[in-house]
């Protein structure tokens, strides 16, 4: 998949870095490979020799325990090594990994490496979208071969929950990140959760009603963000169009709104007379539905192919009002791997679900995604909750 | 009390603003008065004429519903009106308030105005401390008339809690802010909470062990903050001294460490093999102890007078690992007053307890103070929690 | 004079610092005294004991050779020492200076100290004006006791010069700064120089003609400055009024425009079909006129008193197109005093003349004032030149 | 030549933009072609149709009169159009230009277009060098095929000039930019000018003597720049090596120091007991020598090929102490072309000579190059002057 995603990009596309939050596609290609070379081959295969001594320095991300790394914003300067050289490195690492694949001692680590790579596949899609958006020509990543057919139902029902003590967190079956556990009890009060995601048409109503100009709707930090950045619409909106992996396309009212920040999601919820759900409310509904995601990035990025209907998973990440914090008795793993999740537990908010760019295997009720409240280059949206 | 706090300051002291987070003492003097003039006299007393038409603009803080206000950092430019003119304004407002004091319709609002003013009394103390600290001469706000006698006991026992469902939040008796409710149930797992606050001696051990240079101890945002600001000790530490309202004084190992950020508190807890408590853990212990605070700012700011022992209340605000978020079914009040708490519910962390600069009446188990994770000009400290 | 200028200010006024370019009035009071205590008493009077050991650190400005000094923007935090304490220090220094006054070895240094203090008197006026301007109440420094009577003649003649080799620079008679020499020959081509300063009415025409929105009129740096700071009028203009030491007053069309930047002056000149003069052109005209300044700050700051007519000196500093550079064979003085002028010779432009806030003795044909091209809190204006 | 310079770069190299001052190689390729398409074909060839309607927007630089253009720092996001597409555009424009080449009405404009393109060839070399330098792998642009042989003579004589009135500026024979005229007389005082450029060995002495830590040597702005950016050596120096178009190479003491800022050049001159020459002093010596440049970029970028000796032209641009200002009676051209030079006449300093990356035809005594005093990514160096 990673290689399929790099394929449509030119060498020049692959080196673009449009902001500090994003990384070049080429860097993702190297970084995901670095993970296997470092934590599997280097750490566990005696006699393994690094493919190139200096590349780990280039492709380490935030693992402080792994030593110095390149400044985050300098990733966009890596015209060398070339994409081809990195692909060769990947092949070499894949080959070297063979003997480890069936060794049960490494199953967990390999599974983590795969999950890690799948997360970066999503970032490749959102990062290159942001980079191509900077180009006034509005270039496309993919040819648009399908025809668009929106099938969102007009019904507007809600999921209902009567509250009480519920179990939250991953309970052991299948892969999960450390931050999804330990499982524990949480008490909820009765609430309802929208079956449908908020869509572009509703968001347009919010705009038309002066939503971006009414301070009463906004959190204090959110209002400061709106003022400072002159925000007046979701990222990628321009007049009646929106920017996509297919270039500039017409915007459809019935499609879920995406590319909004937490601040915007919260202001919208206030305007609509609801609120964002907590991550626990979202999870308990998802467990009851046990929905299987019906779409993923290969079927149709950004839902331009005829398939989608509004799901808990597969359209967009959904903001919750929960801060990203450790569950009771959470313990990060030992060593560099322990830096994967725990050290980000301040200042960020939890998103639940999965987006059109998320690998299918990442759709699970306990999955916790997290971003800073101002970030919106991911496929982020919302559904409303209400106390009942 | 507000007037007692302004008394030792010169006109020049009273106009100082050392950073955007802080306000001049004179501004606090005007702002607390503005609250009564605006929300009581203007809104509820027919025929009341504003003391001065243009002063509300100067002394409004963040109440967007009340219209435009002066840029936050321009408060330090208000050499006029003078302190004396503001004191006259206060007298006029106090007098005009007389008829409203016994009217039960206004009891809640007056109580809120008093609580609001008490909060600003604490800010007056912390803000002027920060301003005087900028002066290389290290001037004192108060003459130091007492002798210091530290009586912290060496015992290091903990409070123990066996977990289970507990009630959290203010339940109706006496004044409380809207953010302290509604009361609701929360499930805890067994934990212990230190009886003693972490003290300067322990913090020195953390420093000596390289605590500020070891990235593994820090949250990712915290490490970035340490690096960017070259942080290597609590605010106000210099060699063996610390800056206080009495000027530069010798630092005592047995006194609670104060003026640390959330990032520092969290890193210390990790280093010490513990963690920060949640705000719920803290509250349930405080309810059980039902401790009466034994000190307040008038007895001895920063505990230079002989009295203190380590309390849940009265030494310093204590960091929790909880983000500042609404309790289930929280509803902010209508109108400008509703901006008091709710709109700050993003990006901040909860602190519990009360500091040496907090008005005595503000010490209650359900009280939720909140600051951004990098801020440390308040009297902030910590006590450790552990899972058991 | 310095003491007359501090007199109308409260302790709070005297500590205000509105931007890094400006200093509090109290700081000027201390700094000018520091000059005499340091370079005269400390350096040349055996047995002199510093009035206060730590004050030199507070009141040194940019003399690197004199050791560490307080950060420029921290000057506004100096609520202590008080104005009165500094005045006492001045008295002590004045007294201690007595024996040196008639000693010919120190004449030059004392003269420099006086000239230095006179420059700071002008800064006191411009800095406090900028500080009071930040206050939405628009407070006045002085009571306005006079009546305004504008006597600018409507004639619009020019000075004519036929070019050729001319002598530039101070030639030895009377006090001058090192940067005014050595005298040297410069070749000019024929030009004319406006007798009248550009006035507010003409500037209004420039605005009405879209001057601030037409990039073709501006230097590249100037246009970037206009865009970034949303500049659309001189500093202190608001509708038909302008801010002054007397508070907000009506603006008069016939008065010279002031408080403009070099960028604005240059754009205006381009718009008006002229250009700024070089500093040499200005000087040669001034020598020929040998005009005596008819006004100074004590007669009427900002010309609200009935007296003024358009002069080369006494209304405002006049921008030239000359960069501030050393004259041929210029040598800065030895030691800290040598830092007075030479080290500022990059990035700044020369202004000639003298403003309504300049001490009378500073009006001389060879005087070179200098500021960065974006600065405009001084009384800066322009007269036009043309090639003929 | 432009195409030879793009040839060794990959698509990824060609899109790199390492800072706002620099542009991607691909952008230079497009911009130089845009000049011909816009000012020749569009403006003067009826019926010419733009190759692509939207590309002018991408490749306009600072010509405000030509309408909106892409933000300077967004140039690095132009992965499309590809290098090949731009080369095809160049071919199309070249072909369309044929009929205009022999038309005398366009000679001047075509000559300007060629001179403009040659300037951008130099920028291509300096910009890509800066971009590749960001890569920790230190990649090379060129293979190093020659052997280095330094032939700088050890003699240290100077050019002598006895002063008097001299003619400055281009006087009409051959191509020159508008800023090189009009010719005019300037009076000089006697001086000498070093025959040899300051070299790496001498610069090392300056460093070893604490040159970067001694504030007394620096202009005030320069010292602030050193402090803020922690400058301690020329750009591209690391231990005993320096970065070059051939990657990291050993540094030679006898080679001219390059990649220094004006501030550094000025501080060095002060340290060495000399000063920087004025641009007039430089020019009059150059006229007398009438030296033919002996090297240019094609012979050996950065002098790794055996040829060089210290010349007025061909090694590096040499700082003067002159600000970049208009000569007497200077008039910029009409229209967009008039934006070429005049509007940059503030805040910059003049450099004279030509560097190893300058097209041979650009070496002339009257040529005025200009940069901001902090910039140093060009091949900038210095020779010393002294009053005699």
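When the chains are written out, they are named A, B, C and D in that same order, and each has its own residue count from 1.
Just so we're on the same page, a residue touches a chain if its C-beta (ideal position, glycine included) is under 8 Å from a C-beta of that chain, and two chains touch if they have at least 3 such contacts.
This one's a predicted model, so the numbers in the text were calculated from it and none came from an experiment.
**Q** So which chains count as neighbours of both subunit C and subunit D?
**A** Per touch definition, common to subunit C and subunit D: zero chains.
**Q** Shortest hop count from subunit B to subunit D along touching chains?
**A** When the steps are counted carefully, the minimum from subunit B to subunit D is 2.
**Q** Please identify the chain with the largest separation between its CA centroid and the CA centroid of subunit D.
**A** B
**Q** Please tell me whether the contact surfaces of subunit B and subunit C are same or different in residue numbering, using the over-half criterion.
**A** same
**Q** As a quick test, compute the distance in whole Å between the mean CA positions of subunit A and subunit B.
**A** About 37 Å, centre to centre.
**Q** Could you please state the distance in Å, as a whole number, between where the Cα atoms of subunit A are centred and where those of subunit C are centred?
**A** Here subunit A and subunit C have centroids separated by 58 Å.
**Q** On a C-alpha centroid basis, what's the spacing between subunit A and subunit D, in Å?
**A** One centre to the other, that is 45 Å.
**Q** If we count contacts the way the header does, which residues on subunit B are in touch with subunit A in the complex?
**A** Going through subunit B, the ones touching subunit A are 62, 64-65, 165, 184-189, 215-216, 218-223, 262-263, 266, 321-323, 325-326, 328-329, 343-347, 349, 373, 387.
**Q** Which subunit B residues qualify as touching subunit C in the complex?
**A** 10-16, 18, 26, 54, 57-58, 70, 74, 76-83, 131-132, 134-137, 139
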